[in-house]
Structure formats: C-alpha cells, structure tokens
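For reference, the structure discussed in these notes is given below.
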Amino acid sequence: MELCGVELGGPVLNASGTFDAIAARRAFGDALLERFPFDAFVSKTVTLGPRQGNPPPRLWETPAGMINSIGLPNKGMEGFLVNDLPELARLGVPLVVSVMGFDHDELAALVEGVGAREEVAMLELNVSCPNVESGVLVGADPAETAAAVGAVRGRTTKPLVVKLSPSSVDPAAVAVAAQEAGADALSLINTLKGMALHPQTRRPWLGGETGGASGPAVRAVALEQVTAVAERTTIPIVGMGGIASGRDAADFLAAGADVVAVGTESFRDPGAGRRIAAELAALGATGRVRTPEAVR
Amino acid sequence: MELCGVELGGPVLNASGTFDAIAARRAFGDALLERFPFDAFVSKTVTLGPRQGNPPPRLWETPAGMINSIGLPNKGMEGFLVNDLPELARLGVPLVVSVMGFDHDELAALVEGVGAREEVAMLELNVSCPNVESGVLVGADPAETAAAVGAVRGRTTKPLVVKLSPSSVDPAAVAVAAQEAGADALSLINTLKGMALHPQTRRPWLGGETGGASGPAVRAVALEQVTAVAERTTIPIVGMGGIASGRDAADFLAAGADVVAVGTESFRDPGAGRRIAAELAALGATGRVRTPEAVR
Amino acid sequence: MSVPMAEPHRTLAPPERRVAEVRGARRLGAYDLITARDPVGPPDPRPGQFYMLAAGDGWGGGTGERPFLPRAFSHAAARPHPGGGAELDFLLEDVGPGTHRLGEMGAGEALMLLGPLGAGFRPPVQGTRPLLVGGGVGVAPLLCLHRELGADDQVLLGFRSGAHAAAAELFGDGARVVTEDGSAGSMGLVTEPLAAELDGDPAATVFSCGPPAMLEAVRALCAQRGVECQLALESGMACGFGACFGCVVETVAGYERVCVDGPVFAGSQLARVV
Amino acid sequence: MSVPMAEPHRTLAPPERRVAEVRGARRLGAYDLITARDPVGPPDPRPGQFYMLAAGDGWGGGTGERPFLPRAFSHAAARPHPGGGAELDFLLEDVGPGTHRLGEMGAGEALMLLGPLGAGFRPPVQGTRPLLVGGGVGVAPLLCLHRELGADDQVLLGFRSGAHAAAAELFGDGARVVTEDGSAGSMGLVTEPLAAELDGDPAATVFSCGPPAMLEAVRALCAQRGVECQLALESGMACGFGACFGCVVETVAGYERVCVDGPVFAGSQLARVV
C-alpha cells in the first residue's frame, strides 16, 4: 500500500511524540529493528530552535487515558538533522518528520530544511500552536491553517500532512481549508485540552498547568472528527486517538481513515503497533489509500 | 448556601437530562424524597413543541464513559408545565428548568412561559444547538450566544444559567459573552461530540449517528474548561463533567465552580449525588458561591 | 410529590446502589447461576422485574476497557432472608464483558446491586390459563413466575442446544423443551408447540421472554388468535430507573422506556418486536 | 541504525510487553514481596534497572478508575530460570492504586511485564569500597547489587519503623539498620552512619536509592567530601523506554529522562534531588 505515493508495508504508524526510536533502540537493541512496530516512523515535533519542554510533573493518569504537558522538548532543527535523522534513516521504514513553527518564517525554514533531506519521506505540520500575533490557535481556524499551509507549500515537493487540532468548532472546515491550501494528507486528532489538580494542594498538577488528553478516553471524540473530516475532504487521512486494538483501528479505517497511528497505547506496550496490525489483519481489514487529488 | 439568590441545602445538583425524578419516584417510592440525592433539581431540557427523540440505539459504552444520542425527547413546554412541573414542585428542592429553542422566538416563549411559573427557581438555557439559519452551533460562538441570551433576558426576572457547549475553540470567550448579555450563572460542560461504530457492520451504532460523550473520560477536559471560564468571568459556575466522587467535586470547586452537577455517575448509582456530597463534606470542601454582579 | 398510582406488579427499590455478597455460583449447562444476598432490598420483587448488577472489583479497566455501566438481569428466584433483605438467583449467559465478569464471580465477592426495577408480569386474564414461553436465558424471569403461579401453568421452553436446555431442569418436570438442534427435547422452535397449544385451546394468557425474533413470533401468533400476551423485553440500558432515556423501544404510543414502562409490555402495545 | 555504544550497565529488553506469571507472594513487614516468572526476558538484568508492571486483570476500571498505565519497579533479585527467562523478585510498598493491586496478586495470576529498562549501577571507582545506602522500599535495587558485589560492600539501611525494617532481613546479617522511631536498629536517619563512615574513610563509592529527601542528603554529603555517588531516582512514568518524555528530572545538563538516561545518575549530574 502507499500513502501520498510513499510505499508502506502496512497501515499502522506511530503518533508523533509517542515513540522515540533512538531511545527505544538503547533499551531494546537490534530486536527493535527486527520487530519494528510501525510501518512508517513519525518523529516527535521538531521546532526551529531547541526547546527544553515544560517543567515536571509532565504526566497525569486519567480514567482510561492520560494528560501530558511535555511541551515539545527537542534539539531544534539543526540538532535533529545532524544527530537524529541519520539514526532514524536506518530504521528501514519511511520517515515522517513533524514540524511546528511559531510564525510562517519559522515554519518555512523548517519545511525547507527538513524537506531537503533525502531521508525524509513526508512532513507533518503540527498546527496546534497559537499564532504569536493574533493569539488564535492556528489549527482551530480555517483561515489561519490555510495561511500556514500556503506559506510553506512551495518550500518542498514532499508530501505535506497537516495535523489538525481537535479544539475547533468544525474540524472539517479546517480540513477543507488545509486541503485547498495544498495539504497532501490530514492527520487527526491531536490531544484534547485537559487539566488535573494536585490531590493535596489542588493547584494545577502539571508543570505546564494544562495539558493534552489522550488514550482510549478520547477515542469516541476522535472517531467522530475523522468521520466528519473524511466526509468533506478527498486527500488521505491518518486517523488516531485512543487506538488500542485492531478493532479500534478497523473503526477508524471504516470511518474514512486511510492509515492509523498509535500513540498512548505504545506507552503501555512498545509492541502495540505490531499487535494492532496483526489484529487488524485478522479482522480482514486493510488500510484504504485514496490517491491525493494532485501529487506534487 | 445560595446560588444566584436561591437557597440551596448543599452544592450538589444533577446534570440536566440525567435524572428523571418522576420516573425515579415510580421505582423508588417515597424513599426517593426522603433521601433525595440533589440539592436542586434540574429538569431534562424542555423544547417548545414535544419531541420523540432519536431512534434507538441511543447508548454506547466507552472506556470510562458513554455516548448518548437521546435527542431531547420531551413533552414540550405545555406538557411539561401541565403534567410534570406540579410533580417536581413536590421534591422539596429548588427547581431549575432547562430549555432549548431553535430560534430566538421559541427561546423567548419558553423563557417567558416557564419563568412565569412560581414553582421554577431558575432557568437554564441549553445553547448546544445549531442556529437554524446560519447552521452555526450557538453555544460555540460568542456572538450567537450573546444574541440568544439578549433575546430572552427581558422575558423573566428569574436567574438565567447559560449551559455552555464544550465544542468551542475558546469556551471562556463564549462565557464572557453570555455574562455580558445578562446571564446570571454559567454551567459546563455539556457532552463532547463523539461517535461509535457497530462492531459487525461498522456503520454508525447510534440512531442519531453521532452522540455526546460523558462520564469520567471527559473529566480532565471539563476541569480545564471550568478553570478557563472561572478566570474570565465573575458570575457563579455550575461545574460538571465526569464527577464521580467527592474528590472530583472538590477539584471542580477548586477550579472555580460554585456548585457541581452529577450526570453519568447517577446512572451507575441513583444515590451518587448524596454519596458525593458526603465525601465532599468529609474532605472539608464546601461550595463557594460568588454573588452575581447584578441580581435581577 | 403525589402518591403514584398503586402498581402491584412493581415492588419498590431502595434509591441507591448497595453491596450484595455473592453466596454461590455454579455452572448450569451453557449458563452461570449465581446467588447473591441482597442485604436491604425487598424480599418480594415481582417476576419480570430486574436488577442492575456490576462486580465490585474488576469491572472494566485494563485492556478489556469495558464494562463501565451496570448490566440488567431479571432475578430467576427470590427468597426472603431471615436476617433481612433477600437471597436472589440470577441466570447469566456470557455474551460480552459484563456477563463474562459476573459469570466468573465466586462466593464472598462484592456485587453492586440496584433494584428491583421496572414493572413485572401482571396476573393472567381472568378465566385463562397461563402459558409461559421462554427462549434461552430468557427463561430466567419465567422461573419465578412459574413458582408463583403454582402448578396451574404450562411451560414451553426453547433452547439452541442441549447445553442450553440444562436450564430447563430449574422448572422441574412440568416444562416442555424444544431445541433447535434436537439435542434435548423435541427438535424445532418453541413457537411450534405454542401454536399447537393455542389452536387447541385459545383461553390462555401468554407470558414470554427470550430473543427478539422469538418474542416477535410469539406476539404475532397471539395477535392473530386474539390471545393476550405479556412480553418481557430487553434493551441496552445505562441506568435502569428511567433517568437516561436510553433504553427506549418503539410502541404504538411512541418510544417508551423499557426500564420504567417495561420491561414487561402487553403484545398489543407493540407493532413489532425488533 | 548504528550500533549504540556498548552499555555494560544496561541489559537489553525484548521490545514488547509480555505475560509473566506470579509464582509467589508474601508479606514482608510493611511490604509485599512478589516473585514472577519472566518467560523470555534476559536472565541478567543489571542492579538498578527496572521493569514496568501491570496486573493482567483488574488493572483500573470500576469505581477506582486508575491505574491505566503500568508502574515502574526495580527488581530486588533476578535468577536465571532453567526453562529460559528469569525469575524476578519485586519489593512493593502500597502507596496507591497500582502498588495496591500488584501487592494483592497471588500465585498463578498474570503479570504484564516489560524490561529490564534503564541504566543500572556502574562499578565502583577503582580503589574505593562500595557503600550501599538504602531508604524504605528503595532498598530493593540495592539487594541485587549487594549480592553481586559479594562481601566487599557495606550496607546502611534506613526505615520509618520496625515494620518497614523487616526488609533488612533480605540482606542477611551484614546490614546496619536505623529507624526513625528507633523500633529497630538504632534511632535516626541513615545519613548519620553514612557521614560517620565517610569521615572515617572517604575512599568509597556510594550507591543509593530511597526517598528524594534522603537522596538529596546523600548527594550533598558525598559532594562535600568529594565522594562519588550513584543515585537511583524515581519519577512518574508513562512508558519506561524513553517514548513519552514524561519522566524528566532536572540535571546540570538540562532535563533528562529518568527511564533511559537513568534511573541511576551520578551525584555530580544533579544540582539537587527534588
């Protein structure tokens, strides 16, 4: 099968920020490569400059899920391209690099810099960030999203996946705007905004005060948004949000996703991606891949 | 304690649509009145005309929660005022009547008709419905919400609680708009939009195709929205979403709610409201009641 | 509140969930039969009423995720307990995560319980003989009805196979058994002996519980013959006491809640059982 | 991928969760000691490494809701198993829903297990004697380190009370015990005999695990005296293998992940233990 012209061995990816293949290699050695759990590897979101991320605690366990306030720690584009990308290129699966810029110039520099590297098969734009000028959450607003996609579309010939924010009144409208601005595929959902209080002090528990909710608890919300987006767009969809079994994955494919991504479930079991792919195959479901309207 | 000038025996209400005191009376008899689980009773949402609601199935169980597509079945305002209100008036706790109108005229008729009844202590406006003309979800939009509140504010002297929709980019902005348009209190969150597929056919399971997610799975999202709304408004807040224990209730009070409402947890135990109130008292937490800026 | 109309077929429940204790559990062919001590509930739930049950521990979570909500079960028998409350028998068929967990419970475990709920079977029409028609695990509420009616009734039970027909032993000798595969009793569907019975003597009131297709066949058979029937329906439930409006079934008067308006409905209330 | 630098203190783990079987469980004073058969994992995890554990059944759900994620535990002992894999001992303190559920597990139950993970203790600095300093349930990773070092080490263990000090029996006679309330060993904090030891002879490498306040005191004591120390830290974890970036601790080089960059850190990497 293929996604935006990129050959895939199967329909199960990891969700950005939920699997660090380099760290996992340290823990699991070569066995990780022999039994790599995903059909493509999506990097944690890379920003232009390096980021430390939020202060701990960064995790809170919820009923059937969790909230994180990790805060996008990463080495910045240079550090990523120099140190990490050569390592990731040896995984043996196509690489998708997730990028986030805090303005269009940053985003353009990222797309151009990352897109120029031959190891990179696709780029994912994480638009779940505020516009630094307007304060509007880019991914929640059709016009802002279209502007961001438009600003970078010309900077690479590689497929661009736009990762939608779930905190929008109408995610399908944002999706349509992204498609019209030149996105090759869409991925959703990102985490829902959530919060937890310290059991004793009742002050915010997370170092980032608020965080993002993920896991089985958000699955029904994700499935609804994937359905709504699939009804109004024609480009491929990477569906995610609480997928923990082949049956869940089959639901997302039936709702209109072409491939799925596994996030939180990998925390409970690093082999979850392979297990889910096997369960999906046993159900007779395979990923559908729609051809993007225009392949650039 | 009091809420918008209405005396309450404690800070635990039911969430609209999650407790039918008349049906419960048939099942539990007088013991229900002797051990009534809530400090005020909020009716299921009443519309101007009667509604059958959505076809079954209307329920889907999710990890740590559920989705419903009940579809607001109700007798309509006349049926409610004639048949149900006299029964509810005998519960011995203040009554809050939830109303929804599909345009401003309907809403105004509801607020006037219901507000005129002396049995009614407060009204709750359920604005989680589309504007029939623009298609915009009223409660997701500050201007639409302000217009709806403005259209009915003059129709009653009773306190108006506006129940916010969680499907907004910025619930606090909607809350501010509601307050400025004359709301006396705010309640949140309503259910999140969600969906489930039939395990065999993979067609939408719910008769209404999509539904609303509730229960512990949405608690973290609810707590974040209550916090955000409390930071930007001054009128009282009825906090709800996944509350299942006194500890959860204490979190919502700490986040800025003045009282809490229990929904889905009552399905697992009709006595949940009393249990939660007792647990809350044992934690030493009580509802805070802020005085509305202007009591009308 | 005004006193509601007396409802003889509806025994009232305490208005909160309570912890019952599992007293015994045994396998009965394809089913599980569990006995629980309800510490404070009424000793006399009506046949056809039901309880919402959940395991105190191990109810959902983990990789199985569900159940989250309690599940509805008709009591198959209820005995007053000398120490107060009642001892209740439930017959369970493992069809999913909830029934699976309940079926594996053992003596001493905590069972969360609410009930009795709903409206049970009403008395037979004067001058008619009661005819009990059960299918599969739907025989459960007919067992206590059978015991209450004494020897005056006739019992027709249909099962998929002999393993399921093991539940018929609870009814003693009087019950006629048919199985779909002929591995116990005669081969066929329970509606066949029912039709023969009614054709022989239509002065009957039919009480029935079982899978929807069977109930629909029973309803149609009785309707054709002008025989009154009372059908105990099932429906996915969240609460069991009328709070959620989730369990509705289409009746001739519109949607009604199976949990408060039923679960027992007169055949004449239903255009079709689906 | 390029072969990573050989890391002698890090035994590799199979890259997926597996089902281990609980072989035995016993109460040890205030703690639970459970033994599990890991069917396919390495027989030689390094002292200071850890496993992510979850119960196969009854992990979350119900009214307790949590846990959802697995929990981190250092093995207190590991024995190669003749049939392959390893037999692992874990010492557990019940501090919340996860440790509570694990502590009530009995023989035959399924334990979901991933590991060994993280980097364990490194060898002592040449020419120094190993000094093991444990506090509370933090004695667990020191037990296997103690056994590996043979009789060459000195062991200092601090506990809240005599019930907790029961864990000292695992170390045999050699360990010096202090308790906060004096109900076992001498009264005081474990840092007091540590300071005396180091003042007597600073040619030591300190290996320590215990509550943050104790680790910070150990770090400061060692730093003042120029003594190398290795501290096994704890942190809330979601994954245990570097995937979530949730378990970070502040080091002199910025935030580092306890699960892959630790859990054992050199005292010099930390400005403070919080």
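For reference, chains read A, B, C and D in written order, and residue numbers begin at 1 within each chain.
Keep in mind that, in the parts below, a residue touches a chain if its C-beta (ideal position, glycine included) is under 8 Å from a C-beta of that chain, and two chains touch if they have at least 3 such contacts.
The shown structure was predicted, so the numbers you read here are calculated from the model rather than taken from an experiment.
Between the contact lists of chain B and chain C, the overlap consists of A, D.
Looking at chain A and chain B, the chains in contact with each of them are C, D.
Averaging Cα atoms per chain gives one point for each, and the point farthest from that of chain A is the centre of C. Contact tally for B-D versus A-D: the pair with more C-beta pairs in contact is A-D. Taking each chain's centre as the average of its CA atoms, chain C and chain D sit 54 Å apart. Rounded to a whole number, the gap between the C-alpha centres of chain A and chain C is 48 angstrom. Separation between the centroids of chain A and chain D, computed from CA atoms only, is 34 Å.
Multi-chain contact residues of chain B, defined as those touching 2 or more other chains: 62-65, 215-216.
Chain D has residues 54, 60-61, 65, 68 in contact with two or more other chains.
In terms of inter-chain touching, the protein chains here all touch one another pairwise.
Contacts from chain D toward chain C in the complex involve residues 54-62, 64-65, 68.
For chain A in complex with chain B, the touching residues are 60, 62-65, 67, 136-137, 140-141, 167-169, 192-197, 199, 202, 210, 213, 215-221, 223-225, 227, 242, 247, 250-251, 254-255.
Every residue of chain D that touches chain B in the complex is listed here, in rising order: 61, 63, 65. On the side of chain A, the complex with chain D involves touching residues 17-29, 31-33, 35, 37, 44, 52-53, 55-59, 61-66, 68, 70, 73, 86-88, 90-91, 215, 264, 266-271, 274-275. Residues 64, 216, 244-245 of chain B are the ones that touch chain D when the two sit in their complex.
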